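Before anything else, here is the set of structures, which you'll find just below.
Next come two complexes built around subunit A: one with subunit B, the other with subunit C.
== the complex of A and B ==
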């Protein structure tokens, strides 16, 4: 069992980057679990489930941000529990379950295209879109829209005598937030610019400044929870609040495997929250504390040695700041998912269908 | 596809409806829905097809022409979608291929929830086997399926016929004694609803006259002749009276996928006024008004404009060429401003309209 887990973690880590940028955490988790099933020699369903649950637990323990991962694990385990079968032997059933898991991971890669298709209708000509951090589904949607609009623009442009329009069809433009602390917004901006989409990086703190120029917000997600709320890279919540205040639609994009059976009532109910997040530095005891916490003591010495607490590195700040935050459902206009465009309340219908009843 | 003489006959009735829709000789969502259904019934009964795809294509092409003729009458498209949905359903039951169980997968699990233990009923009744694309007898498929399809269409028809009664069924649960209700425009549905409640309750209705079409006057006449105490007020006093109103009851032209609606101009005014007094806004509408559309391209109205002479006629000659006059038929009312939809399929909050839509139509028909 112990060995299984370490193998599992290895597999999970492997499957994340190995599939390029394509595989998202819940799917990687499902793949890792199928891999584990292949290696496990559990003889009964009960044993298998215990092993799977242990594995899921181990995976989420070693992950900094286990929400997406948990969503995948829970979906797969629930599926296994309820799988109706008429297999003659347990090993046969196991093979079938593994096949199902792998098949799903393959199938689910097409979901982003489906979501892009749904969201595409909402991107009007000349709209200005605000997005946050880096999300593959948002990126795919924007790229699809760009491709389609350019083609339709060229067709209409060819009728027009003006050559300018056929080559420079400005169909929509994008504001991307920088998304500190990881700065993933820069990556989005680079990719959009490379594709020829007009794109500007805005500071996280400048969202309220920019919102009046924005037509709607397009947001990716780590998970969508039962209330219909959104868990996503930190900063999403404040963008949603600003969008609401400015009366702009806030659209979330989420593949259905990101639906997660969790009901956070506040930011601090997220599993990614720990006492370290938003803690106040203990100025006196920090010096005395030995570096047993595993954090490099160098960083903290930069902070306190010469008595000027202003000199902080980005890492220092990131360390006691959250990675993800929770956005309340009443701030979200719609959730685009591969099962359809849902109101935030609609998400719970699917979760209840799977996990209760 | 359909052979020529028959499609020519179909052409004629389709063409007739198309021109009446285009000329606006036929207006109103229920009337257009009924006419569309009659045409579809004709089309199906005369169509020649040897598999389901051909039939669906025939209906779709007719539907497309009707919708193109008058895109603002959403119930035309809705009726076509509904008929398509029923046809597919009948086809699947007749085909007797339980395409479930064996192919349970994670994707299905997400979509449909937990697997249900269905006792598969062995069909004891002897069925005529459905044969698609039978080369010897290409009509056999149609022969077997047609009676079922006609029945399905008849069901839709009956539903449309009884829609008012079904909506008003629970009227007395929504209106209490001594309440003051505000409504506007002439909506048959609301008219029936209020009259049904009047059998049980004693209440007062304030009707805004709804310029420039003055549907409200008609409504007030109809209600007061049924013995309901009715006040007719100018539109401009809606806000002033709102503090005394217990409930706003509105009709709808079309219910949109996000839970918003298109309704007679003036509805947005009433709904906004109601919001500022936290007065509940109730919408009565038949299920055929459910439209798989998002109001994306126009923030406030349906971009459907009536004759401006009702607002400013040519008798005001000096003014006419100096100002632009618009007379929109419909307002777009956002879902946040509405509390409940009362339909013939039960009562629903705006946030679950998308689900009702999913149950009523097939996703692939959203774009006809």
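== the complex of A and C ==
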């Protein structure tokens, strides 16, 4: 079992960077679990499921932000549990399950194209889009829209003016937030600019300044949770709040394997939340304490050592800050997924129907 | 109806009523055309009076407003009508016999009326049901789960004592024996959604029971089904909900709850037994003051859970300290609104205002497919009479040593009516999550759970 898990983690890690451009965390988890099934020598369904659950547990312990990964594992285990057990022998059933798992992962790669098709209809000419951080599905949607618009521009544009429009005035432009601390927004901006889409990087703190120029927000996601809300790179929530305040639509893009059976009641109810996040530095509390508890002089010397030079690196700040945040369903206008464009209520009904049935 | 004689008699009287009503209606139409609306209602009630044997619940609900509306214009006409309409007549008279008033509560007359404890027994009612009826009307058994379990347990006794008459089969006849029992319970206090759902399931089981089965076996099988229902939909469901809800209570949390829900009580006790360090704010309200019971059980464990007890008016200053709000429910409706003890809506709205997450704890068998828009469409009136209410108020004042009550009891209060609805409706937007035995879900998604719709068997 232990060996199994280490192999599994290896597989998972390998599948992530090698196809990094294409594969998202839940899919990588599904592929890793499929791979593990192939190598496992479980003799019964129960053993297999226990093994899979153990592996999923181990994977999520390995990862700093296990939400997307858990969604994938959960989906796969649910699939295995509900799969009709009518094969002649267990080994046959297992090969069938493995085949189905790989088949699903293959198919799932096409989901982004489907979502891009759905979202494409919402991108009108001359629209200004705000997006956050780096999301493969948002990128694919924007690239598709750009390609389509240009082609349609060239077809209709037989005369010189239209030629001018199609080549110089592009159909939409994009604001990308920088998305500290990881700065993934820069990557998005580079890729969009390379494709010829006009793109500006805005600071995370400048979203409210920019929002009036924006027509709608396109947001990727790590997971869509049962409330219909969204878990995504930190900053998504404040963008959603600003968009709501400015009455701009907020669209989320999520493949259906990112739907996760989890119900965060608040930001601090997320599994990624730990006491370290938003904690106050030791010196601060030590400084506040002496008056009440009368700490010995040792504490004040600690204060002196750590407190006097104020060194704050980006890493220090990132350590005390969350990676992801939770966006409430009432801030989201629509969720585009491969099962259709859903309202947040629709997402929760889909999830309830899938898992609680 | 079980016994043939009363049925034919009542049918006769009903047809008589119908004729009477029509004649009366015509006369009145000539006299005063302004009372057209009331007239329409009256005719409707006349039509409904016929096929009422099986749909006892529906007919009582429909008839009551008609009765009330009749009483308001002319007391004489209503008294002539009350006599023939059997059970509702008796009840209506009880509810209004306090004096020459009934001018207040006009727009609330459709609420379930408060009953006098010693309401009359009509027909062949099993002693267990009579006892239960009294317990219901005196609020000795109160709360959706407790009432449902008590009803089902009483029905088990009724079923065991039932003997199929000759030339009849159990699957066809038992329900006709049970419906007056149900009617009796409804007369004691309007039926809860939980009881309705359980009885619907019971009817299904009865109609599906095998004709060829020996009678005792069939009865045992039915009792077994009832036990299974109580076990699966209430007891086990509660355990699952406890597990799920406890996970959301973290160390150092302040949990706020309103009145007393058996489920919330169990969740808090479970969290305590898991050594979670949390404190509880029990918010309560008159006239039932159910929170006191909760407070007692929370503080009598060892070590006691730290509790704060406050009445509803103090809530705005306390809500800011709460980390999570746990609420119970009477029923949950298709549009996600929650029908619960009066005051719950205020707690939920205030919590939403202060962005405190509100978790509603509710088993799926409390789901009702109806839509509830506000607390006026359907509700139930609390206490028995104005005198009773003032007696309570007075007793309270004496106990608390507060200022003496200035109200005098009796005839001088004839212009004063007490409105005491038992429930209110909380909109779905004020509920963060509903904890059910199938997991945490948003309130609007409950209708997509097949279990809630009763698609699965008992």
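By our rule, the second predicted complex is superposed on the first by the 321 of 357 C-alpha atoms of A that agree within 3 Å, B and C clash if a C-alpha of one lies under 4 Å from a C-alpha of the other, contacts with A are read in each partner's own complex, and residues count from 1 in each chain.
In this section, a contact is a pair of C-beta atoms (placed from the backbone, for glycine too) under 8 Å apart; a residue touches a chain by one contact, two chains touch by 3 or more.
Bear in mind that the values here come from a model prediction, so they are computed numbers and not experimental data.
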Now for A:261: first (subunit B), second (subunit C), both, or neither, which partner does it touch? second
For A:345, is the partner it touches subunit B (first), subunit C (second), both, or none of the two (neither)? both
Touching partner for A:75 - first (subunit B), second (subunit C), both, neither: first
Regarding the shared-chain residue A:353, is it in contact with subunit B (first), subunit C (second), both, or neither? both
Using the superposition described at the top, determine whether subunit B or subunit C touches more residues of subunit A. B
Figure out whether A:269 sits in contact with subunit B (first) or subunit C (second), or with both, or with neither. second
Answer with first, second, both or neither: which of subunit B and subunit C does A:175 touch in the superposed model? neither
A:134 in the overlay: touching subunit B, subunit C, both, or neither? Say first, second, both or neither. neither
Can A:100 be said to touch subunit B (first), subunit C (second), both, or neither? first
For A:226, using the defined touch cut-off, is the partner it touches subunit B, subunit C, both, or neither? Pick first, second, both or neither. second
Subunit B and subunit C contact sites that coincide on subunit A, given as residue numbers: 345, 349, 352-353, 357
Subunit A - residues contacting subunit B, complex: 30, 75-76, 78-79, 82-84, 100-101, 103-104, 107-108, 121-122, 124, 256-257, 259, 333-334, 339-346, 349-350, 352-354, 357
Subunit A contacts subunit C in the complex at 226-228, 261, 263, 265-266, 269, 329-330, 345, 348-349, 351-353, 355-357
Which stretch or stretches of subunit C touch subunit A in the complex? 248, 324, 355, 357, 359, 429, 432-433, 438-442, 444-445, 448-451
Subunit A-facing residues of subunit B, complex: 101, 104-107, 109-115, 117, 257-259, 294, 296-297, 351-352, 354-355, 358, 363
